[in-house]
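Letters are used for the chains, namely A, B, C, D and E, taken in the order the chains are written, and counting of residues starts over at 1 for each.
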Amino acid sequence: MSLAVSLKHRFGTFRLDVDFEAPAGVTALYGRSGSGKTTMVNAVAGLLKPDAGIVSVDGVTLTDINAGLFVPPHKRRIGYVFQEPRLFPHLSVRSNLIYGARFAGLQDEREFDRIVGLLGIGTLLDRRPSKLSGGEKSRVALGRAILSKPRLLLMDEPLAALDEARKAEILPYFERLRDETGLPILYVSHSPAEVARLATTVVLVEDGRVAAIGAAAEVFSDPGAAHALGLREAGAVLTARIEAQEADGLTRLSTSAGPLLLPAVNGPPGTMVRVRLLAQDVMLATDKPSGISALNVLPARVRDIREGEGPGALVRLEAGDEIILARITRRSASALDLAPGRSVHAILKAVSIARESVGEI
Amino acid sequence: MSLAVSLKHRFGTFRLDVDFEAPAGVTALYGRSGSGKTTMVNAVAGLLKPDAGIVSVDGVTLTDINAGLFVPPHKRRIGYVFQEPRLFPHLSVRSNLIYGARFAGLQDEREFDRIVGLLGIGTLLDRRPSKLSGGEKSRVALGRAILSKPRLLLMDEPLAALDEARKAEILPYFERLRDETGLPILYVSHSPAEVARLATTVVLVEDGRVAAIGAAAEVFSDPGAAHALGLREAGAVLTARIEAQEADGLTRLSTSAGPLLLPAVNGPPGTMVRVRLLAQDVMLATDKPSGISALNVLPARVRDIREGEGPGALVRLEAGDEIILARITRRSASALDLAPGRSVHAILKAVSIARESVGEI
Amino acid sequence: MTDWLTPEEWQAVALSLRVSLVATLFSLPLGIFVAYALARWRFPGHGLLNGLVHLPLVLPPVVTGYLLLLTFGRTGWIGGFLDGWFGLVFAFRWTGAALAAAIMAFPLMVRAIRLTIEAVDPKLEAAASTLGASRPWVFATITLPLILPGILAGSVLAFAKAMGEFGATITFVSSIPGQTQTMPSAIYALLQVPGGEAAVGRLVVIAVVIAMGALLLSEWIGRMVARRVGGA
Amino acid sequence: MTDWLTPEEWQAVALSLRVSLVATLFSLPLGIFVAYALARWRFPGHGLLNGLVHLPLVLPPVVTGYLLLLTFGRTGWIGGFLDGWFGLVFAFRWTGAALAAAIMAFPLMVRAIRLTIEAVDPKLEAAASTLGASRPWVFATITLPLILPGILAGSVLAFAKAMGEFGATITFVSSIPGQTQTMPSAIYALLQVPGGEAAVGRLVVIAVVIAMGALLLSEWIGRMVARRVGGA
Amino acid sequence: EEVVVFAAASMKTALDDFAAKWETETGNTVTISYAGSSQLARQIMQGAPADIFISANSGWMDEVEKSGLVKDGRRRDLLGNSLVLIAHGRDAGQVDIAGDFDLAGLLGEGKLAMALVDSVPAGQYGKAALEALGIWGQVAPSVAQADNVRAALRLVSVGEAPYGIVYATDAAADENVTIAGTFPENTHPPIIYPAALLRGADAAADEAFYQALSGEAARASFEAQGFRMLD
């Protein structure tokens, strides 16, 4: 059990009452503004002493209010990327970045250069934080936390101020952190794409409570959670294996649902990856289509159909061992005469699968 | 000419040198972190005195360095939502919100209630900013600027800290601001969806320079700008007219390219709306497909094909008077034997068009 | 109580209170202004003004008192002018004691306020200006409330200093019982008297009690203000 | 120059400089500590400590000097103890003048530092702690650099006050030329004789020049610090 | 009527005593400002509303008179005092103050407390006396100068300095010191407290109080404190 959190805290009329356990990997806290995410993260960091509760990381109890245990923040070795940058104004960017390293022991210059390069802050090292742009500040804050060599990383919307291109550069790095170093990460984000891509476990927070928790694949393909997630973000996560990198830049993958052709998925043949298929990007056809630009057509069987309040319907499909979610209109569902057990073809365009929707396992 | 900006400024090694004019409506500044967006906005607000340049709004010159003219910020009547909240710590949320109203003349209580309701900050009115969550702070900051009744609104990533649901509530309000009140808005955002939906004019900023400028429809369907935008965000903007609201929650629209069925577009028949079609959401078929869940199939003709460096290709289509952009793989393009002049069918799912991609004109 | 201190000593206590309060309250607006100017503006006389403000700290109080006597005295050029045009007399009046106390306390007040002004984030003021607030409005509604802790600290320092001021006061306005004899002057006189220590002790206790009261009050107000602003 | 002031007066100038520097530098660590305690900690003796610190401001300097004499004098209980155990003697030594100056200047120093400590955003300190910095490290690497303006202001106030301190000093350590006769003592002595004004004027000019120098230096350092932190 | 008197601080006990008696007798009010003679003189020269000035030395009275603020012929030497060597403690030994008096030996490591020797009258008289005795040179390094004679007394009183030179009036008032010896009159200029009626004094009571200062009731008060009336 990598992370166990059980907290009760009260702020005026707001009550936090959460209890969850999450395995190693990235645990995403997802929920609306004011639902209590930052409060939870603060309690894990030891910056907030909750009214009651327990926090333990990798079996080490850091907070146990009943037992009178409260490890001070500096002994927790938890890196924290705050929601606002919180850079030290009197220190240069460089000194901000290496601030934590001195407490963590030896500095690793290569690691420093790597992070600085990744974050694109190499030209800013001698500047003071007051002379940085908003996004530059948040990148430095990110680097500072990572370079403190923590045993748990807390990130409160670390990419909110960044442009898409920069995000696309950083997300793979987070994946590597998660996979290569095994560093557990508690990740707050409003972006379902980020969450679905990174998270091993998703914790849906609603009004100070845990509304749903589970593996990312489950929570995102659970039609019941679709509402809390925002309909547009519902989707399934498939496990795939890279088969070949083809000459025209496409990557051939195999899944238990059938072969997939996607644009440039990095990795040598044999690499296992996760592919997020947004429900709204999946089209259904009863006849196998032809003369169509979509490269991926997977045979599937309808498991169930859930009609929403609006004009849409969520169709859960079984394809091989995988679950695929498709969001279509009710009108199409009846036009196609869809019903549980019916065989259909799931059509998806290669380019519909965003780069940030594919991540290494 | 609603907004004319011509600025030269130097910050250490960074040089800003921009010159653009934008008509009424929302002018979006879109560009990577550190490209100079905030600097430009500050110069418009009068918080930064540029080394040289001119700023004029609705024909009123606010800054003209050569002529020695520099209207102080408080006389500009420009509402500014800063990149960070900048709330007044000693004032309650309510007092923060009405701070500007006292200078703008009479307060409008109904307007106050409306904004507070829209932003969901009704229960926070008596709190101090230090007791708010990150997203709550940014909502209050937004309300504060709007309630100051400005004649130009500057917004520097106003929605970055907000969840999808809240964004979806606020975006239509921005549209109404733009359309009903005619308030010109300068809008900085990293979200192409927001920009495409709101912006009348898009200014692509790269490294202190204007890389492209034009009507949103043009910039987003310009294959040349697709790179600066991020490929995934390229797409066309169609003008459509609401024909009918159908019983199952779909809205029937007409465009010069043909009829469209979309989920719940608000507005009575006759309303003109803008529909953003992401290039990657458009599928092409040479034969008219059947037995397919997609409700919208538009006949079109290939105008040109631009192949990128990767596995993709951008196909520009003519459909009626509209331009539609489709992003497909090169492999599909050759499999379908696409070439300029060829007739094809553009297929799009009703649910692919996100709510935030449809906005009133 | 009346036999605990002589009526003359009570007079001194009352006078010191009045002098200190008046000195503090009347110098406050100027103190805030000067602190603001020193903190925020760059102007040719900056160093000079700064030096002038600190002068009473550097000079032995007797010298300050003497200079006051020379300038604000009945025959001094400012004193004569004020008397002639406004009928305002400082020499050998309690107002003079207040003037001396205010001048001696001024550097303390200005520094405290200046330090907090320097700590105010100009970005907040900029935000207020975009909302339509002119400079004076920004000052009144943003800067001033934010520097309250400094104003409070400056006031309590000034008050305490005014309560204890002796050298400049006695040199400027003498020690006329009921008119210019403040508590410190009374204490000084008592120290000249054999066996005066007991009375000195009593006056010192009163001075300490008053100052502690002011101090506790200021701390309490300060905490209220901090709670309103709501740090952590 | 030597005939401009008597050798004895030059001695007084040198002594005042030494006394003021020593008083300022030696009281600085304690001043920072007390300011930190008052700003950040809530403890039973808080009000008392605060009061104690302000006491020298409230009391007439002579009284403070007298109390110093009673406690730190050769026969005083602290003075006797320090002499007996550490051979540290204050009575009639320049060290005593420095002690008196330090105590008189202490409230000014503490207040200035305290005000800036209160303005430090605890969120920055919290951020440092998550990066592994223990309380003392946080203090040394975050709090201390951020309160530099207050330390500077406090030091320059203390220095100026020390330069001008007279009442407590002469009462505690008398005026022994070359040992305890500071500039203010020399000035006072000159003021006691008719016609001493010219010499007073010269000494006052020197005091003012020294203090202005310190002031300008502190302003300059302050601006350097501000530029490093990078306001605007 | 109100009489405003500016008087040297060292006269406080005696003058307060007499003034109280005079007030009950005449029904007038006496307001007395005590401070250092130099301060008072300067204030009078700057227009202080004083009716009568009593200085602790002639020098400052001369200054006041020079600026024309003393009513013609209305100045007189009021009191005399004598200079004594005091020692800490109730029963210190007596010494004979004469030509070969070894004060330096007596002091040893200790200090001799005096008022400022070049500016405050008591200190000036003391220095003159020690010079006349030919021992100033030996003693000078051991002299601790206080800002006024009371402060010098206090140094001896608390035991900080073993010996001091003060007026007899001061010595008499303190239980913790003993008069070890009196300086012969011929070793120092006469110690004189002049009093004067000032220009601004136009009330009858001012004149009356000035006169009464030389009266019998005043004598009683002054002599009780060890002053000598000069006639």
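Note that a residue touches a chain if its C-beta (ideal position, glycine included) is under 8 Å from a C-beta of that chain, and two chains touch if they have at least 3 such contacts.
Which protein is which chain? UniProt says A, B = Molybdenum ABC transporter ATP-binding protein; C, D = Molybdenum transport system permease.
Quantities reported herein were computed from a predicted structural model and do not represent experimental measurements.
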Q. In the touch network of chains, how many steps separate subunit D from subunit E on the shortest route?
A. 1
Q | Shared interface partners, meaning chains that touch subunit B and subunit D | A | A, C
Q. So which chains are sitting against subunit A and subunit E at once?
A. D
Q. Of all the other chains, whose mean CA position lies farthest from subunit B?
A. E
Q | Highest-count interface - the chain pair sharing the most C-beta contacts | A | A-B
Q: Round to the nearest whole Å and give the separation of the Cα centres of subunit A and subunit B.
A: 26
Q: Indicate the whole-number Å distance between the mean C-alpha point of subunit C and the mean C-alpha point of subunit E.
A: 35
**Q.** Centre distance in Å when subunit A and subunit C are each reduced to the mean of their C-alpha atoms
**A.** 60
Q | Centre distance in Å when subunit A and subunit D are each reduced to the mean of their C-alpha atoms | A | 57
(Q) Using the touch definition from the top, which residues of subunit D touch two or more other chains? (A) 62, 66, 167, 188, 191, 231-232
Q) So which stretches of subunit A touch two or more other chains? A) 131
Q: Quick one: which residues in subunit E touch 2 or more of the other chains?
A: 154
(Q) By the document's touch rule, what are all the touching chain pairs in this structure? (A) A-B, A-D, B-C, C-D, C-E, D-E
**Q.** subunit B partner contacts - residues on subunit A that touch it in the complex
**A.** 11-13, 31-34, 37-39, 83-84, 123, 127, 131, 133-136, 139, 156-157, 160-166, 190, 192, 230, 232-233, 248-250, 261, 263-264, 280-281, 283-287, 289-295, 310-312, 326-333, 336, 347, 349-352, 354-355
Q.
Help me check something: in the complex, which residues belonging to subunit D touch subunit A?
A. 123-124, 126-135, 137-138, 141-142, 145-146, 228-232
Q) Any idea which subunit E residues touch subunit C in the complex? A) 4, 6, 9-10, 12-13, 31-35, 39-40, 42-43, 46-49, 148, 150, 154, 170, 172-174
**Q.** Contacting residues of subunit D [partner subunit C, same complex]
**A.** 47, 50-51, 54-63, 66, 107-108, 111-112, 114-116, 118-119, 122, 149-150, 153, 156-157, 160-161, 163-167, 183-184, 187-188, 191, 200, 204, 207-208, 210-212, 215-216, 219, 226, 231-232
(Q) Which residues of subunit A touch subunit D once you look at their complex with the stated criterion? (A) 45-47, 72-74, 76-80, 82, 86, 88-91, 99-100, 103-104, 128-131, 144-145, 148
